[in-house]
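So, here come the structures, one by one.
Below, subunit A partners subunit B and then partners subunit C, in two separate complexes.
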Partner chain A sequence: MNTEFTELLRPFLKFAGPEEITEDARLRDLGLDSMREIELLFAIEETFGVAVPDDKLVDSTFATAGGLWGVVEELRTPVGGGSR
Partner chain B sequence: MTAVAGYAPAVETVAEIAAEHARQADETAAFPTEALAAMRRSGLLGLLVPEAEGGAGGTLPDLVDVTLALGRVDMSVAMVFAMHCQQVAAITAYGGEKLRAEVLPSVARGERYLGSVTTEAGKGGHLLTAESALEHDGEMLRVDRQAPIVTGGPYADAFLITTRAPGAGSAAQVDLVYADRDQVEVEVTGGWRPLGMRATHSVPMRLRGAVPQWQVIGEHGGFREIATTVFAPLAHVGWAAAWIGAAAGAYARVLRHARSEAGRRQFAPSSELVLLRLAGIRARLDAAHALLRHTVSVVTDAPDMSAAPVQMLLNTLKIRAAEESFAAAHELVELAGLRHGYLTDSPLALERTFRDLRSASLNYANDRLRLANGALSLRDPGVRLA
Partner chain C sequence: MPEPRATPTPAGEHAAPVGAALSGVDPTDPGAVWRALGAAGIIEALYPDGVQPDPRRLSALLTELDAGCPLGVTLSVCVQVATVLPLLAGATGPAERARRGMLRGETVVALAVTDAAGSGSDLLDATTRVKLGDDGAVLDGGKDWITNATSCDAALVLARHREARHFTSFCWVLAPADAPGVTVGSAGRAFAGSGVGHLRFAGVALPPDAVLGRPGRALAGFARQVGVERVAGALWARAMCHRMLAGLRDWLRRRPAGAGTLWDRPAVRERYARCLVATHQLDALCAPLLDAPAAVPSAVTGMLLKVSAAETVDRVAAEAVRLRGADAFRDGGEAQLRTEAAMFGIAGGATGAMLAGIADHADELAGAVT
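Coming up: the complex of A and B.
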């Protein structure tokens, strides 16, 4: 996870405090609620220039910081692999 | 043969007894103890207990059938039944082996009626947060939980309680814990003086005690998943069935009255006004019932219950069933007039159904679900209709 991503996450996690946000951080435990999930999604799409497909918009995508980052990474990778 | 076909006589018996006591229970805001006793005796409490654990192995459509039937005679009884089944389903799906073995066969034998403790002051009706904590005390987990509304609480043999997980850093880490009545000190901290659904006897309570680790249902902090896959779907489906049943029962009483000798003078079949009103009410019931059945089939086959289209459909069911059922009751009152629509001693009991159904939009607030659906709809720009 890059810093840009974790700092983007932080305002949505009202219980995270100043501590480091790790890959296995459970986003809902840290205060991400379903009403703000969509705002987080918009922020991610704008910042990383990706469009998260509808079928990824399920609870499991937003379960952990690392899992969500994985989805972003996957979407940033051009089809057929190759360098970023 | 479905479970419900086998249970038809049980449903009939319970409905008869519920009908017999409905007026008294409503007048005194007393719990329907006779109907509960009949549910125990007849095995109906075990409808959703798997066959392997001694139950009927009933499915979601079975729950709907039974709840609709009970709702026709007493909405409170239907709510009590549906919410008990919601607890059974949570234990069946997420309870550990020991808990299932301890609890489910006794539910099937009618020995345990399960109460639900999810409300909490200060959290504004949010299901997915908890303020009071579950704390380690040696091998045990200590519970001290106050809840403003516990349906049938004083009559429950055991409770499923939401609490903050041990050592939780936030109110969003919620556990669901099973507690037998003899494991907790039960204190009723107030009364129950509502407009309607009076027989649910949903008093405020304080529960204090300790339970072993194996009575935590699912993992620590796992309530969110239980809520998504079991609690919310069964609540919305069960409530919708109770409400639609209540409205259908009232409608049936009006129609029977309209066809009686006395009623024929009041409800002339040549009156276009009467016909239009009757058609409008029927349309509400058919639409809400169709939505209920469709939602059940979607929920039964959904690969991921957290998907936005499924969540929105479940919320829409709750919202629309509440609105249509209450509107139907309102129109029945209007149609029947003062004598049969408004007086408490009318045998049609429309005013009771009207008061009961007024609760529907508030029983998990429709507005809160509309807000959720607004956010969810942005998660589904493709509008994948479920």
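Coming up: the complex of A and C.
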């Protein structure tokens, strides 16, 4: 996960404190509630210039930090190219 | 520092056409008011970008309505212009037809979000469901305390299409009020002119194009749009506070007391002045929004505005009732207005829930002063 992503994530996680946010960190356990999840979706789309597609708009996308980053990274990657 | 103004900023330019459109119209008839606004092109002109209302025009509209119409009638217009019309923008089929009708003032669409089954502050508990199929959708459930419910042509309904307790489990459905299975009950006598009522949906069969936008995005879209409703509420609240304070000042100046009037009493003036301070704090919160190209605030700004508007209206209305004494209980007086204006702390986001949301932003709000 890149630092920009984890730093964007941190203010949404009221129980995360200054600890490192790991890939398998469960976002709910770190204090992400549903209404803030919506704000997080908008923040991600704005910061990374992506639009989360319908098939990824499901609860499992927001389960772990690594899972969510995986979706963002996939959306940022041009077809047939590497990560920007 | 700019001079404080006696009345909300936007008046003039945008207010005059609203006043002209409403001249001769029965201000207690929400249908007549809506039709007049539509026919004069006021509703369409609110959206220079085609989607979101221009804050100054919105403020002028709500200020004029507040000055002339009962609270319920202003509420009926407010929900439609701040929330329903922007949510329908970009739609096709029946939703686009409804939107065009709304812009002309010929169609009324209710916003049906608050679920009969759960708390309005936690929409994830909503049980109103839509079953999506290839040949259409079937809607079941109920929505309570819906403005325009008793007068609408259709309702824009937030419905669950997936079971997961998650914001992605909801979509929008446009349900015609006369579709078989749709019933409406009154919510009582409060908020006259708002058409507030309870909607029930029992196996309502709808065509595929009754489902709007991208399923899974509805609650996120609503969360963003409710911010605009909160801006509208704050602009309306300040208009109401200025109106109450102007009326109160004039009344206090006329009210005999001893050798002079109540206005001469320092204790009365101080209580009045505290209301001025609160109202000007609300004005200051609203000022940057009026200069924005569109009325879309951040989530936390929307919540701050909502709480501030509710508390300011409550404070001013309470003091207006106390200072006017028995006169506050005349028909349409401050006592009645205060009861109905308590909705600023409930409709579109209850103060307790707003404060919980604001606390989540403590780091950013309590951070360094810039």
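Methods note: the second predicted complex is superposed on the first by the 81 of 84 C-alpha atoms of A that agree within 3 Å, B and C clash if a C-alpha of one lies under 4 Å from a C-alpha of the other, contacts with A are read in each partner's own complex, and residues count from 1 in each chain.
Simple rule for what comes next: a contact is a pair of C-beta atoms (placed from the backbone, for glycine too) under 8 Å apart; a residue touches a chain by one contact, two chains touch by 3 or more.
From a predicted model like this one, the values you see are computed outputs, not experimental measurements.
With both structures placed on the common chain, the touch criterion links A:M35 to subunit B and to subunit C. Looking at the shared chain after the overlay, A:F15 reaches subunit B, while subunit C stays out of its contact range.
Looking at the shared chain after the overlay, A:R26 reaches subunit B, while subunit C stays out of its contact range. Of the two partner chains, subunit B and subunit C are each touched by A:D54.
Shared contact residues of subunit A, touching subunit B in one structure and subunit C in the other: 14, 33-35, 37-38, 41, 54, 57-59.
Of all residues in subunit A, only 11, 14, 33-39, 41-42, 54, 57-59, 61-62 touch subunit C in the complex they form. On the subunit A side of its complex with subunit B, the touching residues are 14-15, 26, 28-31, 33-35, 37-38, 41, 54-55, 57-60. Against subunit A, the residues of subunit B that register as touching in their complex are 128, 168-170, 172-173, 221, 224-225, 228, 304, 306-308, 371-372, 375-376, 378-382, 384. Across the interface of their complex, subunit A is touched by residues 124, 162, 164-169, 214-217, 219-220, 223-224, 299, 357, 360, 363-364 of subunit C.
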